[in-house]
């Protein structure tokens, strides 16, 4: 755990005390191993609670929907920053109402990977801490780089592309060989095998909606899953309901998903949602040459069209 | 399984499986095309169940997936040719949307051919019959839809071997 | 259905009885309310069914769902049971589309009831507004036709709606208006042609009528805004919180205190209610 | 009460014996979790585990079950009929005392009062619950603060306690007594009992210190209008994972599903964390924000259930702490409320 540098603390405190922002959303120390927790700071004196380290996994921009109309300061990693651009593109937020502390992120730690490396379950991981570049559990230690989330291992945008102040050093953007390798592997399977994979992955889902609620771009006032007229979904954990929900929720992010991975990290059952969402991101790139969360002025691909768009889907 | 006892084939359904295909047809082109096929007495398979929509752009992807969920063996969405949309641009949006959807559903393991899209104008009665014939043939070849369906009724016992 | 099966059903509180719609008609001029008279399909269930005035049932349309409705008939009316349904959600929309002869499901009776035992020997004031009059009709009918009219003192009724066409159960109202053993006051919000009764909001009319709070019990049911403005009037008339009863609504599913959503504090509206005295509500948080 | 000895090495044989007469569920170690699964011949299971991710309540009160069904025919109306209850004789082996206490709570909710839930109670009555005392409480465990104990036998028919290479088995109910007596075990000797005693003492030493919740139940309702709920709920993303993993949560929804030749009425878990849980058809919601929903969660568990059925709705298993996507810790909430209630009392004086 590390508190924020004094100058950043001072900056946030200044924003708060001058009324430039109503609140600041950051992370603070949590009560479980390797888990920071979101912090909402309104009193300038509380800025000392804020921390930044590899346990700060939540994408805090998911909270922005709660504070529409207010002026908000927020801490973002490279991936989180893309969500802000997505929200701006869709008219959810304007730049003036945000004060952004950007932080370059080498990847956030996956406590399940640590537990798994120890041959135990998450419940059994009683203590663990990050010391420099290692995760230390009792007398064992693991390289942090080996225990970061999968989506962090293929991240090629570690530095926020929108920010007011930057915390710490900027990291080199190392090109990743094949950021969509996992999608390619699934594409290479037969139709039956892909269905089996989809079934296996979604079979763990118990429809708690953590993925939706952790997603900064899932801001619909009433989600289709919650509608009663018509009621699309019976809210059970049965395969038919879970698959239906997952297909529709993920497809609603087609061309919008910025690939922050917040849904995948939030899932209590460890469903690899990224395997599905990344297909949509890849297709947006391949078919429409579009990458979400990069250009605040660009239109998401399904909100616009060209007369000479590919026509090969249609008979 | 919540629905298990319901999966026995109902007594009043035919023992031989016939594909059920839900077709979302735009009011201005494809629906009129279907009409023309009818009035011109052009033969096409009776397997489609038509849902008339104002525009292919009106078709929410959830309609397509819901049709499969409710037990359709195939889904066809058809609208005006690009450039001919009664609402100027509805089918252009539809084209992007369904290009993404088709790729996505196939990625998740929905068999290619289960969900198809076409452009059929009001004057193309013959073409409408061809499209329906092709879609029906494709879906028949795939057999009853099991994936996503809460109604695997006609898929279990009456499955064609 | 064998007697054994009927007994078995009594042990499954989620299983509805099959009810045939005898009559379904628009109740009000704006066609947002329909009244359904239902009859049991299975005689044994009809025989086993007994209820109190103020209770409710869950009506269900298979494939659509269930929703709770107060019983508008009185236990002394035999052979059928009546509900008046406001078209609002999916279940009520479907119920509105049904016709005589259709079959729906019914579970109940559920919940508690108006304190008719407590009302013995007392004057009774019944105040209703809009379509919340359903269980009040049941109460009035029970008091008048239960064969024990003498057991109760003076009965005063104030019933108001926005317009004449929105009054429920007009034949009943007309009959009661002409009776001498009930002091009936109908009111509408604004003047309307050929309206012989009061004009004005319910609280105002209650103040005019000024029923005595002495040895009285009052029952109030209506939209929240009517209740809010009527209560101060009742206080002015000297009614204590223990003398005033009302009927609550909350979103319900099971109707039997298990599914955990209709609670107000630690009380379940479906099980401990829907009828509460104001004194009881005072002890509970404002969660309805 | 007799104390039997169950050598760990005899567990596979015991499983075979049980399966002669009962359906058997036991903890199974999966790649990233432990889950209760049905044990067939030779299937591996383990009693050496912290806790299952999904509470054992799911075996008695599954996330979704068909309650009623009807069949449609074209010419006549069919009565809706109830799904037969599941009363297959069953043994659930090795659930933690917190989960067993969760069942005790569900017994009261579904089995007390005027109405009884036939689906839950049938499974419950047909099942022998063999609880396994916690020799190694975890960092997130707080059963001892909510009226439980790592060695509590509440809700169980039998309690197993660790004694090196064996378990000491003690019946908690007549059902458990009869079942144990049928297994042909030998009685535990003084040595094993002493070892078990030592391990139990060590287990209690390991408990993370936490002030008991006792006393809170009478004071919480005074905080109903407090702003503290909004502050507690601020980071909550309303996912409901806490309610789904909780052994004590029992709220459910009832929904209809139309099928081609009939339909079903099913019930599925629901939760107070969801906005739609209490919203009226009119759009009015008596619990309009996440603060109000958290208030319901806390008051239901720590005030209403104690008053209505005599025990907390929280058994201290810690699942909601481990799996909360934003790590909103119920222990910290309790601690915060303790301070708030004290402040409230002082303010009144």
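Every chain is named by a letter (A, B, C and D) in the order it is written, and numbering of its residues begins at 1.
Assume a residue touches a chain if its C-beta (ideal position, glycine included) is under 8 Å from a C-beta of that chain, and two chains touch if they have at least 3 such contacts.
What you see is a predicted model; the values in this text were computed from it and never measured.
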{"item": "Pair exhibiting more inter-chain C-beta contacts, A-C or B-D", "value": "B-D"}
{"item": "Whole-Å gap between the CA centroids of chain A and chain C", "value": "51"}
{"item": "Rounded Å distance between chain B and chain D, as computed from the means of their C-alpha atoms", "value": "46"}
{"item": "Cα-centroid distance, chain C relative to chain D, in whole angstrom", "value": "39"}
{"item": "Distance between the centres, which are taken as Cα means, of chain C and chain B, whole angstrom", "value": "48"}
{"item": "Residues of chain C whose C-beta touches two or more other chains", "value": "89"}
{"item": "Residues of chain A engaged with two or more neighbouring chains", "value": "228, 231, 236, 238"}
{"item": "Multi-chain contact sites of chain D, meaning residues that touch two or more partners", "value": "64, 253, 255-257, 263, 266, 270"}
{"item": "Touching pairs - complete list by chain label", "value": "A-B, A-C, A-D, B-D, C-D"}
{"item": "Chain C - residues contacting chain D, complex", "value": "1, 8-9, 11-16, 18, 60, 62-66, 88-89, 92, 103, 105, 249-251, 253-254, 256-266, 271, 285, 287-288"}
{"item": "Residue numbers on chain B that touch chain A, as the complex places them", "value": "1-2, 61-62, 65-66, 69, 82-83, 89, 92-93, 95-112, 116-119, 131, 134, 147-150"}
{"item": "List of chain D residues in touch with chain B within their complex", "value": "64-66, 69, 71, 73-74, 257, 259-264, 266"}
{"item": "Chain C-facing residues of chain D, complex", "value": "67-68, 70, 77, 79-82, 109-110, 113-118, 221, 224-225, 250-258, 263, 265, 267, 270, 272, 277-282, 286-287, 292, 296, 299-300, 303-304, 307-308"}
{"item": "Parts of chain C lying in touch with chain A, wherever the complex brings them together", "value": "89-90"}
